[in-house]
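Structures given as structure tokens follow.
One chain, chain A, links the two complexes that follow: it is found with chain B in the first and with chain C in the second.
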Partner chain A sequence: MADFRLEQRDFISRRLAFFAPMGAVIFSFLVASVLILLAGVSPLESYYKLFIGAFGSKNAIAETLARATPIILTGLAAAIAFRAKFWNIGAEGQLYAGALAVTFFGTGLIQLPNFLMIPFLFLVGALAGGLLLLPLVLLRNYYKVDEVVTTLLTNFIVVLLVGYLLEGPWKDPMSLGWPQGASVIDEGVLPQILPRTRLHLGFIISIFTAITIWLIMSRTILGYKIKAVGINPSASHHAGIPVIRTIIIVALLSGGMAGMAGVTETAGLKGYLTLDLSPGFGYAGIAVAMLANLNPIGIIVSGTFLASIYVGADAMSRAMNVPTYLADVIVALTVLFVLLSIVIIQYRIVFGEKRS
Partner chain B sequence: MTDLLEIKNITKRFGNLTANDNISFSQKEGEVLAILGENGAGKTTLMNILFGHYKADYGEIIFKGSELPSGKPESAIAAGIGMVHQHFTLADNLTVLENIIIGERSLFSPSLPQKSAREKLRNLSDIFGLPIEPDTLVINLSVSEKQRLEILKTLYRDCTLLILDEPTAALTPQETDSLFSTIKQMVSKGLSVILISHKLNEILSVSDRIVVLRQGRSVGEVCTKNADRKKLAEMIVGGTVDYPKKQAVKKGSEVIRLQNISCDAINDSSKGLNEINISLFEGEILGIAGVTGNGQIPLAKMMAGHLKPKNGEMFFLGKKITSYTPKQFMDLGVAYIPEDRNIDGLIGDMSVWENSIMTETNDLQVRSPLGWLNRDNCKNSAHLLCSTYDVRTQSLQQPARLLSGGNVQKLLLGRWLSRRPKLLIACQPTRGLDEGAIASIQKIILEVRKKGNAVLLITEDLDELLMLSDKIAVLFNGSLSNSFGAEKLNRSKIGLMMAGESFDG
Partner chain C sequence: MIFDFIEILFTAGFWAATIRIACPLIFATLGELICERSGVLNLGIEGIMSIGAMVGWMAVYQGAGLYSGILAAAFVGAIFGLIHAIFSVYLGASQHVTGIGVTMLASSLGFFSFKLILPYSTTPPKIEPFQPLDIPLLSDIPFFGEALFQHTPFTYLALASVIIIFWLINSTPFGLSIKMAGENPMALEAQGIDVLFVRSVAVILGSALMAVGGAYLTMSAFDAFYFGMVNGRGWIAIALVIFATWKPERALLGALLFAGLDAYQVRAQQLAGAVVPYQFFLMMPFFLSIIAMIIAAKKTRYPKALLIPFRRGERH
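This part shows the complex of A and B:
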């Protein structure tokens, strides 16, 4: 049996912190190439097609960034919650709550000029996401109900509610029988930022949000409290930091950003609410947050990376005739190996305990 | 006499830390050998190596003439070595007898050797003078009874060398005396004992020979008869210790008064409080003695606003307290140093400067009105704090977990004292610290008193209690005795009160 143990490093080397996750990503591509070989095609060529599919043209880049938009937002939602050790697994449901709010307010009920309408839609979307999480965080704080369970299960409730609304009362009569909501009014649609592509203002907003969260976490007293409460709620409480209030603020911010992801998809990419608005962006956010080690700026990179794998895998699949599920495998491997690399950054492995 | 045990060149490293550095000594049969040293000197590590919990990096252990295989507690037990850990390893929901048998056979085996075990246990009880009721549930035993059971457990397994790790930590002085007479009785019956402790007085009263460890190294070996107290103390610390002196301070007006305060128990391990009355004045230290779990934690928590009393009233500077929250009490001027400084005090994974501002998150020195953190101010004030309270750290950026226990406590005290509190509540402020750090913490506490503030001191160390306190009261079973001037009391009087006997000055 291998004789080794982990020892916490006193100081973390910046160089290692940078290169270890890179190595992990490369390693996961190597492992995934075994599967591609089994499918009988060349891994190098497949990866080339994947890269071209994600970054090879103006349109490809635009698609990748458009796909990254909601993932960055749900990634931020997960990151800020996980920093406070509040395990919000419900970004998927909060995303749909944001989309529902956009559909409710943005399809004719409220009419504002677009420079007001767009912020208004983000506001109601964020509120919807945050308020969905509020009862769950209160249950956790006052009755110790495990938030992993409640947030996860709430996802299904919200998704089913969306299904009911789109099949029933909110179904757009103009949709030729498809279960989709009414279109967002023109003033509320997020403008394209790259002509003749689907890349919209939401991407800029997600980047801006990431920078804001980074500033909050590293430069404000709120970020300090979130960090303290996350690492040691008991010591924070003894020092007079309002632990429960801090966690409630975190929940509102986290749910709010997941709700904003619903806004970018409904008012930006599609223009209306559909049942397949999110192919699991809420869950992808967790992976993205983990990949970035909960760093808001890192989430921009890891979110774009994840989006590029998914977008590129479509192109790879068409060109090489391998299943698109390879994208899921690559993402899963990357998350696993990057998490492992984070362990290596924080701990050193000591081999052998031999007596001489 | 032949050598029973020989420890040869034991070395053990944890990362950069050398816990045991080339330690060698031997023990004769029928001898009480004391291993003396401060916390972190390597005593417990060494015993864990001897007992097989850890593997040494180098060195060997010869027991009864043959080498003990390393890293195997079962072979240490089979060879006749028994260990009573500082924290007991008993199953609370089983009876005394079941706890005795538990390691030997599965409790679910169809035929338990209950009868023979009961017989053997009774014999051992008689021989060694360790009375115990075999059918009591362990949860109902007192601390000293649990310890007795732990000792009987090792004897039941025919141990010939008994290791006791800090056995007196949770005992009253009387219980300590009775433990020591048990040790003497065991030795007279042919057993050998290794006693691990950092309490000099106890070691001198019961051991035959003393090995002193300091920073992982063996720095001396003396026969107890020839030992000199002062020299030993210097050997332990590696230099002279500057003990604080208490000066007369004028008593001021009343800071806090508790009237008939009661509360329910907060958990199984501690009693609630029963009609407590306290009146504490400026420039005064009230020491609270008591065996762990008699209500010390609820008392401290309540006086810091962490717990609401069920009945009774509390007055701070003459004003009745209406809201029991930590924040409210902090604002009134209460500072609370909790018992477990690494869990409730500092956050190990945050930096020294971040820890130093934790109580000041509303201070406009630390943050702007909009909530921006003023890092420069934070670091400046952290720097000032560290130099005022002599917190030794490599940098302000260093995580607090890398600080030594004494520096953790100094940082924690400094953080609270820079708020200029009227009342300091200090729970076990020097527990687990080395002599030098203890002296500086005690100095800081006396300084608080000298500045005309009140201190509530809860400590298990009776010498510390007698030295620092102006008056002393004892908690027993949730009730507080009258308080007496410290000069009227001594260790044995306090010990009797800790056991529940009343005392009238």
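This part shows the complex of A and C:
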């Protein structure tokens, strides 16, 4: 084994910290180009097709931003939780919980004018996501049941519940056999913000949410408490910070934002609940949060970037016959390279000689 | 009516199914257990099982023998274990994020390669999987013969691996090193043993076992590869490790208990008709995993150094 050790850097270069995620992305694309070569086509041409597919026209840009909407929200959900070292990997399930709430309240049960209906749907969606996480955070706090595993397991339970409801009691009789929910009433549908595209109000709401979370994290006592609990829970406790209460608030906020992602997809993009509402937006949020170094404003950028890879990969796949799963490979590689860059930022790798 | 539900327990077919369903969980739980005993939580498990299922199946589909298929799966699992170890052990990066990254990478690479090699297959192609191997004499015993001794060689391998891992952890110097790496790595280093090396070997070995567990699905339980066929079994295995309090023999027990409930519900469902929607039966293992973790939580004692990266020359 190579003889080396990691030595903590005395001070962290801000320039290095800023450019490291970009380096991670570049390396991910380099490694993924090996896979494109295996598919027998040119990586440069494939990446060009990917770029055009994501940004090449007004419609492509609108599609990318529409795809970014839920990813930004699940990214925020991951970021605020990870900041407090609360490992919520359940954004996928919380997203569907939000979508279920929209279908329950928004398809005729409650009738409000649209300027009240839309905020109401976001409220119930966020509540559903937060409430789904609440028992799990209580189990973690009072029984020491690991939240990583319980949130992951809950994802499967919620998706099965959605399957049951869509094939059974909540199935839209007008849907010609497809398992999908009833349509959200007109007052609840998020309006288009770019004519003749699928870009809807949800995108603006996700940006505002990101800014709000940034303000909470950087300008309020709550944000300070969340960071303190994440860095050192026992020291925070001795400093008088209510650790358990802070983590419960973090969980409600985190689950709430994932639930909002379910609202944007149900009431914005599709107009009704489907079984394939989320192709893994919950997990993509983790990558987005890591790429932005858990910074809420950065998540707007990294979320849009990841969305462009997903949208562009569809076009690339059609043109070049490279499987669309390439997008998932690139995203996975990004997570690992970002992790590597974090180590490089914080530590110096010293080969050979032992410390004196 | 009630009598019919009890009678299920006295059919050999139920017990045979229990063992069959338990096998992937046995491999996966043992694999995770070795990693965690050495101090490393391996959340790569779900993706590693998935790519193991793909690689084992694909090797056989391309003409390799069944046993070569198992080896191919183990090899690919080991590679992802190495990737995990480089990040989580040598670089000391967050074990949570490393594991999620490895799961994402392993499953997406598996799907990508499957689509690349077989782009146009709509109905999943099939292989000739492992066939049941009757153990001479023992398989003729009424009831027990059918329940225990008419399984595929892959199933016997799963049961044997419990004994092997039990022996490895409890009776070999290397097993002792793994346990010390997870309990008191400083003491291990003081003995002149390379903690990082021990942990890496544990993660690589454990990941290979996870991949073999995935391969069981495509090479013994079924005969084709489907996207998403691992379906949360990896996460259930992580819950089982906690339920088993990090002991191989209890991991076997936990896997059998889970599989038994699964086998029972399928049969009970047939008796009861479609009274309860099938989705609720599919939810059961996930609920049970959470309940099992709650039961185990009170008396659980995690390996002391779990999740804590070890850095040479640094005091903890």
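Following the convention adopted for this analysis, the second predicted complex is superposed on the first by the 352 of 356 C-alpha atoms of A that agree within 3 Å, B and C clash if a C-alpha of one lies under 4 Å from a C-alpha of the other, contacts with A are read in each partner's own complex, and residues count from 1 in each chain.
Methods note: contacts are C-beta pairs under 8 Å (C-beta built on N, C-alpha and C of every residue); 3 or more make two chains touch, one makes a residue touch a chain.
Please read all numbers here as calculations on a predicted model, not as lab measurements.
After superposition onto chain A, partners chain B and chain C are found to sit side by side with no clash. In the superposed model, A:Ala332 makes contact with chain C only, not with chain B. Superposing both complexes on chain A places the Cα centres of chain B and chain C at an angle of 70° as seen from the Cα centre of chain A, in steps of 10. Once the two complexes are laid over each other on the shared chain, residue contacts for A:Ser302 go to neither chain B nor chain C. With both structures placed on the common chain, the touch criterion links A:Met290 to chain C but leaves chain B unconnected. In the superposition on chain A, A:Ser254 makes contact with neither chain B nor chain C. Contacts of A:Ala228 after superposition: chain B is touched, whereas chain C is not reached. Contacts of A:Thr209 after superposition: neither chain B nor chain C is touched.
In the superposed model, A:Leu35 lies in contact with chain C only, and not with chain B.
More residues of chain A are in touch with C than with the other of chain B and chain C.
Once you line the two complexes up on chain A, you'll see the smallest CA to CA distance from chain B to chain C is 6 Å. Comparing the two complexes, residues 354-355 of chain A contact chain B in one case and chain C in the other. Interface of chain B with chain A (complex): residues 14-16, 55-60, 70, 306, 326-327, 330, 336, 338, 343-350, 354, 357-359, 361, 366-367, 371-373, 399, 402, 415. The residues of chain A lying in touch with chain C in their complex are 1, 5-6, 35, 38-39, 87, 89, 139, 143-146, 148-150, 152-154, 156-157, 160-161, 163-164, 167-168, 283, 286-287, 290, 321, 323, 325-326, 328-329, 331-333, 335-336, 339-340, 342-343, 354-355. Touching chain A in their complex are the following residues of chain C: 41, 43, 83, 87, 91-94, 96-98, 100-102, 104-105, 107-109, 111-112, 115-116, 119, 194, 196-197, 231-232, 235-236, 238-239, 242, 277, 279-280, 282-283, 286-287, 289-290, 293-294, 297-298, 300, 311-313. Remark: chain A residues 7, 10, 219-225, 227-228, 231-232, 234-242, 348, 350, 353-356 touch chain B in the complex.
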